[in-house]
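Two complexes, one shared chain (chain A), two partners (chain B, chain C).
Moving on, here comes the complex of A and B:
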């Protein structure tokens, strides 16, 4: 089988699309609408803190943040590539897009690790 | 209802003009006429020099695809009435070289179609005496949708990626590959996956989805490509994590 890296990036793109499509609407609804508008009793700060501190929550947040970024990177790469027709900058665009996603993934990982 | 409707047809006669030009024709408007009827009227009654392809007039042969007001359609299945009051602009299919008037050069597609091995591949053919390969209606249903492709090339014409990257193997060829992959009599899955995982294969597609939008037979090439990407990705991880597994 010819080894090219496309399936790797596409796999992360697909995973990012799936996880963000499933979880972001829920998170937005809870934290952006239901709680601020008083439809739901807001959790006590301590409880919320304990929830986010749980290793599984941090793992979930890490997966959500990094995969969503990688989803963005792949989509944005092709948007630039096809939209601006800058074929000759293919490598540079790929490095910038995936590089940004990977860099922010590290930052998110560091923050969640230290949390 | 109008008596007449006008068609602006792209003409290109390489021996006469260096650049294509539009030519306007007035044809009778009839409610039951499709674009192809109007073009046939022009050929028979107004201008016999107009060149175009057509055959069956019933959406089966796939040869009368043209751009009508900028959208690739089968002209035999598109009514004049839809474009009232006109004029209707008729051009050869986008993304293909033009041979003459509305006739495009399709060698590239034919070559790509052949590349995906669009036939039943068997590791070993069983002798005739053992009879046919049986298939249940459920097994037929698995691939039937993709077998409806009539090779009309509207999807190539609608695909912006094919327009930018002419080496892209393209929507119909991938849908047809999927038609054979999903056929339980076929064993060529791995070979096709390798051909389609190459640089000009499935990963060129950015899921614009226009191929499925213009397909006159509801084949859904975009869906076929997505399914292929999942299979190729699974295969990629498998060969990375289990390099000792079968190639």
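Moving on, here comes the complex of A and C:
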């Protein structure tokens, strides 16, 4: 069973790796550094709200957040597996990683749906 | 009962050398591999920060102002600074590895690696420029 489901997680890992590699650096730099440090004027609340309210923006944000987390889950799971060689905890780690990613994906879906 | 002393019912256990937990610190290539894999933590960190920002935006101007004030704290700046380095490392290693995962053929010819990696970098530049333009003109 495990053998059959791995390509599925790997596919999500790949999709998440690609979307995060392309989009996160610029978003992180602008939102987390350039605007808080005052290098850039922050957009007005209403303008930002309107932008995020757009269905396409919300769809993109949902894809970005959920796929990034599933990317993390898969990669981090194998980092623990290879790095710490905790074979006996393999199942528990897999459940915790994928479980967290899926739970936060539902939260993201809820927040963005009701936005 | 066999009297043959060499006979055992069970398969002998192979000798395996135990690998130390910090095996990846012995060589820079190994350390780089582990650092590359750990970029996933920075990716997850930013996905959660982004979600919190959207939630604050949905809650109203006051909650949003509070969130922006949190972003200005030294803790947040340091976290974002470190996360940016890791995320950049993720992007570069990801784009450079993309030709290994994506094999496209045009007729019988394989599309060269440089073209596949190059189109990833191009998408990165175009997307980043579009976001900067959006934030500046909004």
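Definition applied: the second predicted complex is superposed on the first by the 100 of 115 C-alpha atoms of A that agree within 3 Å, B and C clash if a C-alpha of one lies under 4 Å from a C-alpha of the other, contacts with A are read in each partner's own complex, and residues count from 1 in each chain.
Operating definition for what follows: a residue touches a chain if its C-beta (ideal position, glycine included) is under 8 Å from a C-beta of that chain, and two chains touch if they have at least 3 such contacts.
Every value quoted in this text rests on a predicted model; they were computed, and no experiment measured them.
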Query - Partner chain(s) touched by A:11 [first = chain B, second = chain C, both, neither] - result: first
Query - Touching partner for A:78 - first (chain B), second (chain C), both, neither - result: both
Requested in this report: Mind working out whether A:29 is in touch with chain B, chain C, both or neither, as first, second, both or neither?
Outcome: second
Query raised in the report: Of the partners chain B and chain C, which touch A:107 in the superposed model: first, second, both, neither?
Result: second
Report task. Mind working out whether A:99 is in touch with chain B, chain C, both or neither, as first, second, both or neither? Result -> neither
Requested in this report: Using the touch criterion from the header, give the chain among chain B and chain C with more contacted residues in chain A.
Outcome: C
Requested in this report: Could you look at A:115 and tell me whether it touches chain B, chain C, both or neither (first, second, both, neither)?
Outcome: second
Query raised in the report: Thinking of the overlay built on chain A, is A:51 touched by chain B (first), by chain C (second), by both, or by neither?
Result: second
Query raised in the report: Between chain B and chain C, which residues of chain A are contacted by each of them?
Result: 14, 78, 82, 85
Query raised in the report: Across the complex, what residues on chain C touch chain A?
Result: 19, 21, 24, 34, 37-38, 40-41, 43-44, 46-51, 53-55, 57-58, 61, 64-65, 68, 71-72, 76-77, 79-81, 83-84, 87-88, 90-91, 94-95, 98, 101, 120, 123-124, 127-128, 131-132, 134-136, 138
Query raised in the report: Once bound in the complex, which stretches of chain A touch chain C?
Result: 14, 16-18, 20-33, 35-37, 40, 42-45, 47-49, 51-52, 61, 64-65, 68-69, 71-72, 75-76, 78-79, 82-85, 104, 107-108, 111-112, 114-115
Query - In the complex, chain A residues that touch chain B - result: 1-2, 4, 6-8, 10-11, 14, 78, 82, 85
Report task. Under the touch definition given earlier, write down the residues of chain B that touch chain A in their complex. Result -> 160-161, 164, 194, 197-199, 203, 206, 229-230, 232-233, 235-237, 239, 247
